[in-house]
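These notes open a run of structures that come right after.
Both complexes shown next keep chain A, but they swap its partner, so chain B is in the first and chain C is in the second.
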Partner chain A sequence: MQKPRIRWHIAVFLAPAVLVYTAVMIFPLFNTLRLSLFSKVDQERVYVGLQNFQTLFGDPVWSEQFWNALGNNFWFFLIHMLVQNPIGIALAAILSHPRLRFAALYRSAIFIPTILSFVIVGFAWKLILSPIWGIAPGMLDAVGLKSLFAPWLGKEEYALTTLALISVWQFVGIPMMLIYAALLSIPEEVLEAGEIDGITGMSAFWKIKLPLILPSIGIISILTFVGNFNAFDLIYAAQGALAGPDFSTDILGTFMYRTFFGFQLQLGDPHMGSAIAGAMFAIILVGVCIYLFGIQTRMRRYQL
Partner chain B sequence: MKRNIISLALAGTALVATSAYAEDVTLTIESWRNDDLTLWQDKIIPAFEAEHPGIKVKFTPSAPAEYNAVLNSKLDAGSAGDLITCRPFDASLALYDAGHLADLGGMEAMGNFSDVAKSAWQTDDGSASFCVPMASVIHGFIYNKDAFAELGIEVPNTEAEFFAALDKIKEDGSYIPMAMGTNDQWEAATMGYNNIGPNYWKGEEGRLALIKGEQKLTDPQWVAPYATLAKWGGYLGDGYEAQTYPDSQNLFTLGRAAVYPAGSWEISGFNALVDFEMGAFKPPVQNAGDTCYISDHTDIGIGMNAKTANPDAAKTFLSWVASPEFASIFGNALPGFFPLSSTPVELEDPLAKEIVGWRGECESTIRSTYQILSRGTPNLENDTWGASVAAIKGTSSPEELSQELQDGLASWYAPQQ
Partner chain C sequence: MNKARTNPLNTAAMHGALILYTLIALFPVFVILINSFKTRKAIFREPLAMPDADSFSLIGYQTVMKQGDFFLYFQNSMIVTVASLFFVLLFGAMAAFALSEYRFKGNMLMGLYLALGIMIPIRIGTVAILEMMVATGLVNSLWALILVYTAQGLPLAVFILSEFMRQVSDDLKNAGRIDGLSEYTIFFKLVLPLVRPAMATVAVFNMIPIWNDLWFPLILAPSEEVKTLTLGSQVFIGQFVTDWNAVLSALSMAILPVLALYVIFSRQLIRGITSGAVK
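Coming up: the complex of A and B.
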């Protein structure tokens, strides 16, 4: 009997990723969670257990802001699910049409905003929608719809939806690319077999392609969920840390930032900030678990 | 043998550092004003060194956004400069409490400043002062003189005249009456509420009474400014809800708006951009002849690192900063940042001169929310931004807004409970 060799190469190959990931992700994550159990009393850091969370959910000053941010976050996510992903799928379906000309051009054009910085996107859209210098009022005027224009980013009732749609504009390329790749991987034979059975055109999409790309849609949904609940940059770039007007665009990310680092005269409170970060982590964890155990395991997969 | 030489050398340097005042001492200044680097190097430092041979000064600023963090870590590590530029109120108070800033109360030159000027860098009870006040910014309204002349409008002194003037500009239609937006929120509070407010709450009297708990934010003098702000909405440009701070600056400097609710820090920027003549008027009073109050907000000070190796030289420098000579160099190089010393300074910029002249006619105060009252959660300053915006937009009534602010303040601030 030969002793099984220790397979060092596995450890060696894993090491760089594990070390880097531990140093920049896992350790900070747990350290943040640890920090949320402390508080600062008279210049000393003391252990307070779950008191920060109690303040966050029990004190009306904090809980009101938290639920407002969470509600806004759900709205932000909902818009992405209802607008970004269907449009992404539709674009992918159109792009994968064999007779479409300039497909590569459209594909790049739609994908380019994804690689732009949030700051550029936020600033560009602020200028486009600006009631003073923007081109949006002029364009609406040209088609006789000037009356529809409003300073959207400055109105409590529209600001969050506007920002969500800007984010959709920026990121619609991602679901499009993923679905596009999934659609291309569907073998011709399957579609031809369907054609023989009389399934063509739109019904081929609904009955053959859609069930086959469902796992990709699931992945996109979960990416959207995680992305949206971690969102911060666009709101911060467009509306600042106070997420105006009147906190109508405040999401968990901006709430956490304001609390952790402080704002204007408000001094930063790393411990309460960590508590909010902990709550965000829990929400995302629950969401991902629901998806993994509730949805993904029940999804039917087809061997192609 | 070698060790002996080193210890001798060490002893030698120690001797030099402690005894020889006549030898050159170098002072390093920590600051966030990297915009002012050339001003310090070309004007301020040479002027000081010419008068005080033996002391060399180095100005080493860091980026404004990083200043607090960089300074804190340098102070903790013991590598911070001898002189420290102070942010107003709690940021510097925290440094003093942590033992990083020295008490300057005993310095004779501190007598050159009024109590309001010193209040930004004092302990709550006023027993210790830890920074020499350098400059303040004054609020008021900057206006387009050409536009006023064209429309035949006189500079308003009372609130009725102010709104009459705005009505006239609006009626004429060639100018936006007032350039301000609510998108960035702070303008509404800083250039709105805290600009016009002191006339209602009688400056320091009301501000201190609020801190002591003798007045409440729901008292008429604190509610009325919101009612006045509510009238502003109609005179701001189309879509002011999404108008940002740079938008407002551009609207005014391009000559499209007639009045700009301002802070004096705009002066040097505006001077470079406008091609019309600018004037300024103070926040209007309610009735002709009322005492006027202005927000003369303390913004920059300078203090001494408690662990500096050259306390005497540092104090010499601070005394010089408190002198009229420094005030005149600083005030003229940065029009709009007004020296705080009680001796009047001759400024050359006409607009800055006009604004600083208000100090002689009106009572000075600082922004009501800055001292002590914005220390807790919810933060009164941030809430005031939101409330001022809501007042201008008319989304809540002034009474509701004041009640909310009062409830927020009372939730953590004992004297208001």
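Coming up: the complex of A and C.
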């Protein structure tokens, strides 16, 4: 047995990634959580314990904004789960059909919105839905539904839903692709065996394919959750940091940005911003844990 | 293939559904592009018509070119994206090689530690990142963005690349060792070329979010000379809210680079997703 020697090359291979990752991601993450326990008093940073969180949840001015943002965020997430993922699954189911012509073309075209930046998406839809330019009202008029038109992005009751749907439009390509990949990996024999038992078409989808792709649907759900709870860009690009009208489209990301960076008359407060980041961290952590321990371990995986 | 699964009526319905959704997906992009080439009057009169000899105009593009620093923004975005991708791939591949090739104490733990970042968004740490960048004087420099995007991209890169590196044949590496190659040579000369397809997948996955990010440029590098294209067009479009020609042209100019990248890399992207690299 040779005496174990230090294998320096392992350290050399690992060092750059671990250093950058630790210094720029993990350390700031914990430092942010630490900063949320401090506050600025007379230009000095002082330790205040959980006081920032007390303000966030206890002070009506803050807590109202926080719960509003959180509630909006949940609605935003719910729309993604109810609209984006079913549409994505449906498109993937159609695309994965054997011998469908032009499948690659459809796939590439439907994925295009996903590659566009939020700035483009936000402005493009703002223009289309704008009552001034009026592509949307004009088109509704053409099918005789002009009365249905409203300035959706400008009305408190519709704005958030409209933005969520725009975001769905943009990101439907992601669940589509992931489910598509999962569907392609189902072996032909399984489907043929079903066919012999008389299970074809729609019932083949519900009874054979869907149970097999459930793990992928789980992954998509958690990706959607994490993505939605740190979303910011689209709201900022379309409605600005104030998330108008009257904060009706405010979500945690915009709330944190406003608090931390300041806007108009309010001064930025990094410590309150850290407290909100802490709350976001907790929410995302809870979601990820529910997925990892509650859903993923219980999901039945089939050996294919 | 059985006939039961291909009935002409079904096929028509499937194409119908796909065409409908493709139209929904492409319509906004199409509207922006065609209207950017029209005169102001034509934009308002017939927003859905193609530009013709009568309504064709490049006035919007001229305004944008005159006022903005589009090329500077473009260059900044390019530098940030390319440099971040380079570091993500190099560092990610090195770490993935260490994790997949060698058995050492803490291997598993290191893998888990690096994988943490797949689920936890880096944005949560923004406050401290900004403080750190201010303290080190990197704020308002492209390096700030490059560092952040490198850190952001590493977890998934390590994860995907180590999956692929496990598939590289041991015999090949051992043959190299017998020939007296150092571990570094084995990595750079033998393993890296073999995982090139996986590297391309990682690159494409990382490229789009980096190019399109608005949050970090807004917070870490908002000054004029280091603005990225995404942030630049955000501010820029804001200035022209009433000049519809300029807004539409600016949007088109922001769409085109990404669209070009997509056309170049879309096969790689789709192959990467469907090969199961992210499952």
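Keep this in mind: the second predicted complex is superposed on the first by the 286 of 304 C-alpha atoms of A that agree within 3 Å, B and C clash if a C-alpha of one lies under 4 Å from a C-alpha of the other, contacts with A are read in each partner's own complex, and residues count from 1 in each chain.
Definition applied: a residue touches a chain if its C-beta (ideal position, glycine included) is under 8 Å from a C-beta of that chain, and two chains touch if they have at least 3 such contacts.
If you're wondering where the values come from, they're calculated on a predicted model, not measured in any experiment.
Trainee: Quick check on the superposed pair: does A:G201 touch chain B, chain C, both, or neither? Answer first, second, both or neither.
Mentor: Second partner only, chain C.
Trainee: Of the two partner chains, chain B (first) and chain C (second), which one does A:F118 touch, if any: first, second, both, or neither?
Mentor: Once the two structures are laid over each other on A, A:F118 reaches chain C alone.
Trainee: Could you tell me if A:L242 is touching chain B, chain C, both of them or neither one (first, second, both, neither)?
Mentor: So A:L242 only meets chain B here.
Trainee: When the two structures are laid over each other on chain A, which of chain B and chain C touches more residues of chain A?
Mentor: More residues of chain A are touched by C.
Trainee: In the superposed arrangement, does A:V24 touch chain B (first), chain C (second), both or neither?
Mentor: Second partner only.
Trainee: Is A:G273 touching anything from chain B or chain C once the two structures are fitted on A? First, second, both or neither.
Mentor: After superposition on chain A, A:G273 lies in contact with chain C alone.
Trainee: In the superposed arrangement, does A:I290 touch chain B (first), chain C (second), both or neither?
Mentor: In the superposition, A:I290 contacts neither chain B nor chain C.
Trainee: With both complexes superposed on chain A, which partner does A:I128 reach: first (chain B), second (chain C), both or neither?
Mentor: After superposition on chain A, A:I128 lies in contact with chain C alone.
Trainee: Quick check for you: in the superposed arrangement, does A:M299 touch first (chain B), second (chain C), both or neither?
Mentor: Once the two structures are laid over each other on A, A:M299 reaches no partner at all.
Trainee: Look at A:G154 in the shared chain and tell me whether it touches chain B only, chain C only, both, or neither; answer first, second, both or neither.
Mentor: first
Trainee: After overlaying the two complexes on chain A, where does the chain B footprint on chain A coincide with the chain C footprint?
Mentor: 133
Trainee: Please give the residue numbers of chain A that touch chain C in the complex, ascending.
Mentor: Counting only chain A, the residues touching chain C are 7, 9-10, 12-14, 16-18, 20-21, 23-29, 31-32, 35, 87, 90-91, 94-95, 97-102, 104, 106-121, 123-125, 127-128, 133-135, 138, 169, 172, 177-178, 180-182, 184-185, 192, 195, 200-201, 204, 216, 219, 222, 226, 230, 232-233, 236-237, 253, 256-257, 260-261, 270, 273-274, 277, 280-281, 284-285, 288.
Trainee: Show me the residue ranges of chain C that touch chain A in the complex, using the header's touch definition.
Mentor: 1-2, 4-6, 10-11, 14-15, 17-19, 21-22, 24-26, 28-29, 31-32, 43-44, 47-48, 87, 90-92, 94-95, 97-99, 102, 104, 110, 113-114, 116-117, 119-132, 147-148, 150-152, 154-155, 158, 182-184, 187, 208, 211-215, 218-219, 230, 233-234, 237, 244, 247-248, 251, 254-255, 258-259, 261-262, 266, 269-270, 273-276, 278-279
Trainee: Touching residues of chain A toward chain B in the complex: what are they?
Mentor: On the chain A side, the touching residues are 43, 61-62, 126, 129-133, 137, 150-156, 239-240, 242, 244-247, 263-267, 269.
Trainee: In their shared complex, at which residues does chain B touch chain A?
Mentor: Where chain B meets chain A, its residues are 89-91, 94, 97-98, 181-186, 237-244, 247, 250-251, 369-370, 374-375, 377-379, 381-382, 385-386, 389-390, 393, 395, 408, 411.
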